[in-house]
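These notes open a run of structures that come right after.
First subunit A sits with subunit B, and in the next complex the same chain sits with subunit C.
Our next item is the complex of A and B:
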């Protein structure tokens, strides 16, 4: 940081055009974007999925994935033209002066080698340091990134280390040659909020400490607000606008950017309290459940009343989806009961009547894999219509058309389409229509918006809210995203390690006093304020965030 | 590690069980073969009395279940009984030197077959793996295609044809290697190796394609993995990406294919042995079937089955060990 200011940019991308191949034709992914990055600066690249963020990030390294080509423009790194450079020249830069941190550290670490062996590979192969020196340096970096047991953790294999720790180990690996530039490609997207915050603060510290320039790719505006000096917004391969972080957050110029900022404002009005003595539609009573010998649910109890939404919140492994499996009968509980309208349901779905099955439907996280790719939209929705309601012929077709209208898709246009011809949001709508086709009273929504972009997700939430009002449905809404909870829930159930740690009406849950874990969850959700992370670290202390804080509970 | 040990013990027990089942199948199948030893040795002069006498001598008049268990009991102790042919020969000469035991008859032949298999494997396995790695490295290049065409045509040609082509080029036109592999017991290792080389090369041509193509496919299958992209983005050379990052994760399928081919080297070499007059177990097996020498046939079958099971078992265990998740549990 004491270096004399260097005015030549580290990365200079001019009018870059990138195509991706699809069915023998090249379609543009990036349509002429400029990007300039000074030494030591952090640039945030944001946009929805399909905006070309990762493609652009990789192009800054002179790299394209299979089936992708750079068809025009230029990429210069420190004066070296990466598009005309030979493979050997590029190999010499990659890992040494330009490093990459991938979205899923669990998939991007080689499962066959220890962390430290992978850490020292770049320095040793690039001839920067010997094995021993760079291993020692690795341990020092692990310590700086606040990994537990820095002396020992490197000798583990990737599968022996948790996701958040792996992501920090990967940041350490990127730092192993002290590069001038690191590309962070959604490094915290796959992590839980309490873990994310730890990784964010570790990345931010180390980048500042070594004055490394970085391109930080994410779809999460609040995250990028903490990390970047400047923000560039991309939409379908084109730049919408670029500005420094504070300006961008307070005064976005373009309508699209404004709409991104506005998403977080959706919130349903609170419903009147449930009458005392009302019979809940679904009641989970003291349920214990296990996979094999491993017990994963402990004495879980909560009620869902007619026409209301209960959000079940918790981090991965907390037992949210397992609870849903118990309610649907896919995983018969070891102990406890599921009551529907006051009457106990048989634990195993095979023992339930068709009518009992019809009342409880599910919508899944990955609409992609939940729809049969070989069946048309019409067939997918018609199947439950015929199975549960016994409609055939014209009546069936009319019902399917009505359902398509309900989810705001035109039957004439969509009836014969295959899932592959739909966008992510449309697929999720088909999933909703399929659930509605059974005319259920209760729907379990398992992370239905977490694979979707914010704008699309908001559309789905609004649709679900409207359907609830029209059809007086009850929802169990499984999510890890507290913004979604705020938007749609009436009651909240917080789960951790298979226990319900807190439950109550939404208004109570979002105002203190909280259970310590709820407090940690709430305080770990990034906010748009660029000073949020800094303030939080001052307030809580670096040792009182993430895994460390969870373990203290 | 206790985890792995349990798995290995389970596999061993399963392997033993399989062998037991196979022994029943072999025994029943061999006994269902048409014709019997007494009739085939007596030929034209077979009277019902003499046939019955020989059958009684050899215990062939006992019920099948009894014979199975007495055979199995012996086999478990390494005693495969007496060869019918040798036994009657011993009777004629009046000597009783024990030369008629099946074990004694098979042992040297089996050793020869193992030697041939070992030499072939020592050439074929590294050759196939290196070719597979190179083909994956230069995938879709001229080299890749040439390798594929070469190995595919060699696996598609009959073994005797490959054998004669090799004899033509390496023994007749350029007399580098002997075309006849007459091996005997007290031969020097180098002589033995020289005589074995030509059949071993033939077998190499036969088994390489399978292993090489699996190596190539297993590696290419992994090349779109995020950790391979990561290795590339660390600036590692293409060869290093493949050998260090892809290969260790591709070992399980490769090991399995190698095991199947090794088993073939032991059990499927009859044709090559005949062409090169190599005194292996394959020839003995065929001769014994011809003479209805049931104890030898059964013993050979059992050895073949054991070889298959043992090699597959080893492959299983090695693929398990190649998985770091099992070697190093959480």
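Our next item is the complex of A and C:
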């Protein structure tokens, strides 16, 4: 994928400084970063959330979001200074020579118009091609991006195609004017692994085919390893390191980069096998469930033993979260039952006793919506303490302080803070503390790390593991990330379309022979090897990955 | 008509020239370079309107009374606007320098219209609370030895009396005192009504949002039916019925009015709080509270309400003005606040006939317009306040 070096860079950003307005003052977001991008080259930008990846990506278009300003430095695109260019000049560049692909294609398409109508808008507006020509070109692009039924898919509305297809249609739209530069802002983050791989190979192909330069923003190292020629690592608005992909992966120089690479090595030691005949703490027995008339769970059964972690794996729509809703009683099952410690639980949570409710707690994916934004950390944790244990006054405060210490936050500093004054990882810790405050025996963790950066996620996983050992908790760990499964699970349940496809101890699940779906799932997880995608495509064939392969099962 | 079109075309030419001149003079500074024609046209149009206003104001100050009288109220409006603008600016300056850190920050991020609204509310509240100290006479007091219909202005040559700066009404009551007491009656009753409307509509709305199902359906359909009837006519109808019931039951008619307007207005509050509540009940923290086994009261008032305060407060400001206007309208129609209590709506009705003299003797027409103006200002004040609450939700969060 390496291009012959071109003497004039396409994008030249020099010492750019970008400020964001917060609390009546301008705070620096980007503190002087240089970026050079040659024609046809793909640059990967990686870093944690808040590192300024997206801001830098947008600055390459000479654009800033509201409340953000460029306070210094220069941005040159093909010799044109974008920071001083007039609105007319910029209008002529954006969309035509510079395109942008956002994270959520579903939110970026206008739901009221057909895909092809939105596709032809840019070429027609910029006077590159007529409606008819660009629509034909769109169909050709859809074919190149391996969208199913390319002749007709353009006539659908955004809600009528799947997320992965929409993201590819978005890429086609960005390509419609044959731009010199495309900025991809986390284009696959919201997708399932099997879908992601399809989009990745499509994007990689088309970018190489038209010799387009690209800036690929992501927080997933394995993804960027497949896509980029060079990688730039950002941390809090400053550049840590830039190098060729292979050099970067094999020999990172900086400590921060090394720590990013090392995150994936966390793995708990295997626990001894469960004694035969032991009563499982939670037992899901032949559960069927439905939303209205739509049946979403079919005969789901699995056990969770005391002190164990069961990971429930599957793609979106596989019924993982619905199973959790059945266990908590939010969705009473149609058939089957949930046993707790051998005794059946009432199907509806409203019929359960306070003690039964106390035993089962939940930690949510989005800590932002899981914590009441108007309550302080202390109030959030104190409520279950008071509600279940009846502690008040000093005893309550002591218990809350103890819980805060348990999740490694200083009570004196955090007791009076509001959730909006916490980072993502800290919020998730508060969610854990609230669950612990009830002194439960079983905790459902619903994608608890998927919204977090890798370093922070690892911290949360280590904390959960430590708490499990100290308090002998049982976890049901809902996730789609197999690296998380590898790190924390004792047993694995694979679900697809509401059925349990395969279940067993972790060691067995990660070694062949697999069920065909498990095999597909495992093989779709990107690895740090830059040749991984190329090899996989050779091995399985272009038609045997992603949605196409799922449909064949 | 032709002249008007020609003027508009002329503006277009001037606007083009203005933008061009700006570009040349500033050496193509980004502001003029990227200015669209519409913006340039807007500037020119605004300048033209301002020039006309200045001309009209100077006409109002003309020594010839025939000319000056035509523009009398425009003159007053311009002067009032300038005085209030300066007042609002000073008020904001005060707010920025006095008070806690939170209120200072609030005032710093505040537009002038919002500070005007807050200032108006404070003035109204002050007048309403201290009415009995501020007013020189009683609200129903017919002053002995003083003729009715004294001209406002206090100019003896024109038939005024310096003791009664705003004159007296048709039966010899002091208009200034009645205006001051009117603030107490109208604003006080409007406030009570709005509070009841919010207690009723808010709690029902949250209940419907939390429980859903048949209760939500039932409440929503009742609200639909109530909202389908034009509110003023419905209120008028109910007030007519109440005016028969009130003496029989021995309950003042005002209580009926408060209840009727509160119920009618609570339908709008219900709609809002249900919509806001619905977007809150889907949050995970509500699910967590439900799974904890919390009761309905805790869910509604501890989990949902604190997160709904910003939109509800904004609505409170707006709703207050509508209630206020409804009360004034009902009083104007004769079924609202009953004499001898002073009320701005009744005053407009009683003195309304004088408006006909405005063109010849503007001072004569002033009393009814003063009352009407007070109503209008109260409405504006409330609305600006509402706009303020909706805008910097995040700024206000710092206070709580």
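What we mean here is this: the second predicted complex is superposed on the first by the 547 of 553 C-alpha atoms of A that agree within 3 Å, B and C clash if a C-alpha of one lies under 4 Å from a C-alpha of the other, contacts with A are read in each partner's own complex, and residues count from 1 in each chain.
The rule we apply is simple: contacts are C-beta pairs under 8 Å (C-beta built on N, C-alpha and C of every residue); 3 or more make two chains touch, one makes a residue touch a chain.
Note that this is a predicted model, so its numbers are computed, not measured.
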item: Clash or fit, subunit B versus subunit C on superposed subunit A; value: fit
item: Touching partner for A:384 - first (subunit B), second (subunit C), both, neither; value: second
item: Contacts of A:396 with subunit B and subunit C, given as first, second, both or neither; value: neither
item: Which of subunit B and subunit C A:104 touches, first, second, both or neither; value: first
item: Touched partner set for A:328, first subunit B, second subunit C, both or neither; value: second
item: Subunit A-centred angle between subunit C and subunit B, computed on Cα centres after superposition, in steps of 10 °; value: 30
item: Which of subunit B and subunit C A:159 touches, first, second, both or neither; value: first
item: First, second, both or neither for A:24, with subunit B first and subunit C second; value: second
item: Minimum Cα separation, subunit C to subunit B, after superposition on A (Å); value: 5
item: Those residues of subunit A which subunit B touches in one complex and subunit C touches in the other; value: none
item: Touching residues on subunit C, where the partner in the complex is subunit A; value: 30, 33-34, 105, 108-109, 283-285, 287-288, 290-294, 303, 306-307, 397, 400
item: Touch list for subunit A against partner subunit C, complex; value: 24, 84, 86-88, 328-330, 349, 352, 354, 357, 360-362, 364, 366, 369-375, 383-384, 387-388, 420, 434, 438
item: Subunit B residues touching subunit A - in the complex, by the definition given at the top; value: 224-227, 229-237, 240, 244-245, 248-249, 324-325, 328, 330
item: List of subunit A residues in touch with subunit B within their complex; value: 61, 63, 65-66, 90-96, 99-100, 102, 104, 107-113, 121-122, 125-126, 156-157, 159-160
